[in-house]
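Letters A, B, C and D mark the chains as written, and numbering starts fresh at 1 in each.
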Amino acid sequence: MTLSVAILGGSGYAGGELLRLLLGHPEVEVTQVTSRSRAGKFVHTVHPNLRKRTQLKFIPPEKLERVDVLFSALPHGATAPQVKDLLERGSIVVDLSADFRLRDPAAYERWYGWSHPFPEMIPDTVYGMPELHREEIRTARYIAGPGCTATAAILGLAPLFRAGVVDPSMPVVIEAKTGSSGAGAEVTLSSHHPERAGIIRSFKPTGHRHSAEILQELAVDGVAPNVHFTVTSVEAVRGILATSHVFLKEPLADKDLWKIYRGMYGQEPFIRLVKEASGIHRYPEPKILSGTNYCDIGWELDADGKRLVVMAAIDNLMKGAAGQAVQAMNIRCGFDETAGLEFPGLHPI
Amino acid sequence: MTLSVAILGGSGYAGGELLRLLLGHPEVEVTQVTSRSRAGKFVHTVHPNLRKRTQLKFIPPEKLERVDVLFSALPHGATAPQVKDLLERGSIVVDLSADFRLRDPAAYERWYGWSHPFPEMIPDTVYGMPELHREEIRTARYIAGPGCTATAAILGLAPLFRAGVVDPSMPVVIEAKTGSSGAGAEVTLSSHHPERAGIIRSFKPTGHRHSAEILQELAVDGVAPNVHFTVTSVEAVRGILATSHVFLKEPLADKDLWKIYRGMYGQEPFIRLVKEASGIHRYPEPKILSGTNYCDIGWELDADGKRLVVMAAIDNLMKGAAGQAVQAMNIRCGFDETAGLEFPGLHPI
Amino acid sequence: MTLSVAILGGSGYAGGELLRLLLGHPEVEVTQVTSRSRAGKFVHTVHPNLRKRTQLKFIPPEKLERVDVLFSALPHGATAPQVKDLLERGSIVVDLSADFRLRDPAAYERWYGWSHPFPEMIPDTVYGMPELHREEIRTARYIAGPGCTATAAILGLAPLFRAGVVDPSMPVVIEAKTGSSGAGAEVTLSSHHPERAGIIRSFKPTGHRHSAEILQELAVDGVAPNVHFTVTSVEAVRGILATSHVFLKEPLADKDLWKIYRGMYGQEPFIRLVKEASGIHRYPEPKILSGTNYCDIGWELDADGKRLVVMAAIDNLMKGAAGQAVQAMNIRCGFDETAGLEFPGLHPI
Amino acid sequence: MTLSVAILGGSGYAGGELLRLLLGHPEVEVTQVTSRSRAGKFVHTVHPNLRKRTQLKFIPPEKLERVDVLFSALPHGATAPQVKDLLERGSIVVDLSADFRLRDPAAYERWYGWSHPFPEMIPDTVYGMPELHREEIRTARYIAGPGCTATAAILGLAPLFRAGVVDPSMPVVIEAKTGSSGAGAEVTLSSHHPERAGIIRSFKPTGHRHSAEILQELAVDGVAPNVHFTVTSVEAVRGILATSHVFLKEPLADKDLWKIYRGMYGQEPFIRLVKEASGIHRYPEPKILSGTNYCDIGWELDADGKRLVVMAAIDNLMKGAAGQAVQAMNIRCGFDETAGLEFPGLHPI
């Protein structure tokens, strides 16, 4: 039986990607998609790839009727205040904003600068990263989709922290390189093509909000990791490469790392370990992941076996947003986990 | 019952794209893919998007066993000499090279500079463009896949020539803009990134070989059109936009053109007419077609209604090569014409 | 003796380029630069390349004091109404807007949709393209800087029209490809990086305003040429390539064309004829012109010698705007024509 | 009196950039430029920006006559064996290869995998970074031009190490992002445009050869720093951004850092400190440095004042190669240090 799904806030990039995925999903039917500013227009006027794929039009959010699964792609800070309304509109809610990602209400004040309006609801939500929280997702009523750069950073590092091989006295430095679509569909001077094209520009050298998720999800036994997170913008529309520099307790060999990564991810449908001895594709590369839900992970050890460089690549709109949200829905609803997420990506691109 | 398919010359870009499409095709099984230089290697070492999608390895071409449908992606000039061998290896052959595209053997000498070794076989082949030759494709033994820039040019202009509205005393000027993947996987100075990046560079101002196909396919009642074809390389990996400047016998209005284009393409699964009054997506745009088999067509009339500018956009590796070849196979084998070609494309990208 | 110069409207891209050129010019001193929105700020906060090059700050336009040469980089339509004020502020005015480019006041209504407020002043202005109007520029009080795509189109075609070799019964089709900086520093959805990056998108298939200048400047003995002008946006920040398709009265050979082009441009400091038999740089290429005042021109004849494809490349902000304006000032003020314009451009870039 | 200069190995990218700079230099005359493979051809066939700027042709290296200053742009490993010949050909030699950058001959075996043929000459050479070795350069006979990524890393970090504020018990992680021109003019699969365009790809996660220079030049009192160096390739032709993560002995404030950086670089003509409170140009950005000799340096402190992120941007072919070499020549020959290096760079670009 097909489930009904709707998208709240469907005119942005994550909303468009959700629409693409859900229109092609074998188990669901998209019944509504909202946009306050575009209400009444065909969705393909905003998402031109969907021309001839759907005759859906945007509706105002007020007209949204109850569905089985509601995807919310509202801005950060705008979601939490209306969480009760969301729960009335969807039997299951998948929220792509940051508003229920953090377990500690105080963290919102520290990292986002606002006070959470419904801290009492946080325990009923799940951080929607299947590789770390699959079992909780299976029964969740409210799933909080992870942040894009956080997803790449966490997936690259979690096996190492869980295996206990990271030297706790040393910093882990994470440098994420990101394309322009992660900043959204809103027009700004920093996204003006003559200014944005061809840049290699620090976006957030320190204090990036996704640090909060990384600290939360990489903690082991309540001990927060010593991570330092920096984001640099580069010329690309989609794509994130998170390069993490890890100092190990004891020297390790590649075979140890294969064991650690295979141990955690061996059965994961959307993690690929990419580590070849040679060739131009020997490391993860975000551009070939455009449109896919993969997170490709590779690494390289320094000669002394004590510094490890981990590379994790994703498409920020897919595994970093809409794709991961659909994967979570698949798990929650008992569908095949890869349903609607089969696109293998393009090469060359 | 699943048909067996194989790809001869599978290490190039069109070969890789065929592999991607055929691995995801519900009606066929890829049994073999050849590459002389890469024999023995996993296909994903060359086509990294296929990692975890197939365990196929390249085999040497000599080892190719007979299949139901053989896709040949050998270089121009290298295919014709071995055509008999191809016909022994595949019950149906879909040839992506130029070697059987032209009906007139003399045209090979004029445009390609070589003499066709098997001119007697030309009548048994079909120019594999479904929109113009669907019925012949249904029964073809040997299908010649059209050239990439020719596909965009022909699809944009055919309705006008068939409708008889083009002024025969005036030239039709076609300017195709193209990305870098059309030149193939072979490394050259002109494809060296520091030289190729960011260019707006004439590739073939005159004398482009695809002119021969355009002249052939736009001819009506044996009368060759007065077309002039120029190709300019621009910064993109995939994508062609063919802009054609047409002078009309009589002034026309937009509604006349809608009628002409809908008349020919109204039922076509892979043609979309893109002509909006406003918006940044009001004309065809190749980038959103990456990975799709669409040809998007739009136009604009000059104020006096006598010059018509037609824009046709494709992904050169898809509708311009592998996608169109799979579409032809679908027609030939009685499959759903869109089987394996469902990807809607990405936005933004 | 150093002349004083000022820039009215100095926060845009042409204004910034003027500032770069004039700060490095040996014969002038930039005394003031205005910006209503940025008044009080250091110019390098808007034009970061000028950091450590000048301590100038933007001033409000009202504070502009009289200078020897006033460069006006105000928007189209905003300049004409204040022309008398401009003439009071500058002994010589170089206006980069379109407001005094056209000789025929009625043309403003046709192409720009507004009625010229001071048509009586048009005869006292000069179209500031040195290659066509050098003598008039020498004594001009008010110089109207040409449009960017018009500059490339006109410079590529003028020698042919003047030589009388163009078949008047046939259309000349001009297709200009352009980068994003020509659209200015104003933020819009069409310039939003995820939307603008990697495009091959028709900008103005018909009706582009620069058509008016092209028609005016290519007219011979009052006969307007039969030109058709289309602009396509491609991935680049700077750069225009105008590809023109010309049908000749009589077949010509390359040596005829060398004679025609050398005849008109042989002594021009900023025109280079680029036509090699081979090599990746055998035709004009805008990217290597970034920051230079060159217009590189090349051509290719069709096999029958009757269709000629002319390629003309410029940097839209230089020969297409600020550079050409400085060149005009140099002529007007009796400076070395290349003063301040010596930068040879970069390769690779 | 004009000095004579020559370029040995002038057909590569650094050679072309040297040529551009030296042709425009007021104190020198380029008398010869060699290229084995291009001998007899005009230099502008390889460096198209120099068309109409010089009538020089490449000569075979054997024909090189003695000059006042010889710039050598031969490949790494090919220079050292012929060092005596170089010293005979040039009264002063500026060598852009790596062959005399390292003080410790054993370092060549470790990092480059070959044994230095003339270790006894190393003491007579100078590491040609003016900001660190200006006095030695003034009298040097043989100047070894620094590596491109090393230049950005060293210039960004040297003030901190010299000021003694870096915690020696903690690692300094340097992540350099780089464009494609740094890999040179040699055609390879990794530089093939369809493969190279749009990448965010680890180039050398560990073991990059420039580590050797960084370790050498950041050492204080013989104590090597604890640096870890990674290079990632991104979409750009020119440009490097080195982002360094430093852990401080004691918390510092911005004013402390301004003092440290101004103390070392306050008088440097080619270092700019770029650190604004807001704006899209608040941090260093390599793209606006194209063609300039600047190294722009900025930083950001973590909230606790203990992690410092330093960003240093250069044009790899300028401050990272040819520009720094000309700067060294200027110092050595007593010219104005900025002679020939005045280009301020472009914006937008």
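Keep this in mind: contacts are C-beta pairs under 8 Å (C-beta built on N, C-alpha and C of every residue); 3 or more make two chains touch, one makes a residue touch a chain.
To keep track of the chains, here are their UniProt names: A, B, C, D = N-acetyl-gamma-glutamyl-phosphate reductase.
No experiment lies behind these values; they were computed from the predicted model shown.
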item: Higher-contact pair (C-beta pairs counted), A-C versus A-D; value: A-D
item: Listed chain pair B-C, B-D or C-D that repeats interface A-B [over half of contact pairs the same by residue number]; value: C-D
item: Chain A and chain D: spacing of chain centres that average the CA atoms, whole Å; value: 38
item: Centroid distance [mean C-alpha coordinates] between chain D and chain C, Å; value: 36
item: Distance from the mean Cα position of chain C to that of chain A, given in whole angstrom; value: 46
item: Multi-partner residues of chain A (each touching 2 or more other chains); value: 13, 179, 181, 185, 189, 194, 198, 235, 237, 285, 348-349
item: Contact set on chain A toward chain D in their complex; value: 170-171, 173, 175, 177, 179, 189-190, 194-195, 198-202, 205-207, 228, 230, 232, 234-236, 239-241, 243, 245, 247, 280, 283-287, 298-303, 307, 309, 311, 313, 348-349
item: Chain C to chain A touching residues, read off their complex; value: 13, 179-181, 185, 187-189, 191-194, 196-198, 235, 237
item: Chain C - residues contacting chain D, complex; value: 13, 16-17, 20, 23-24, 45, 47-53, 181, 185, 237-238, 272, 274, 276, 279, 281, 285, 288, 290-292, 294, 296, 342-349
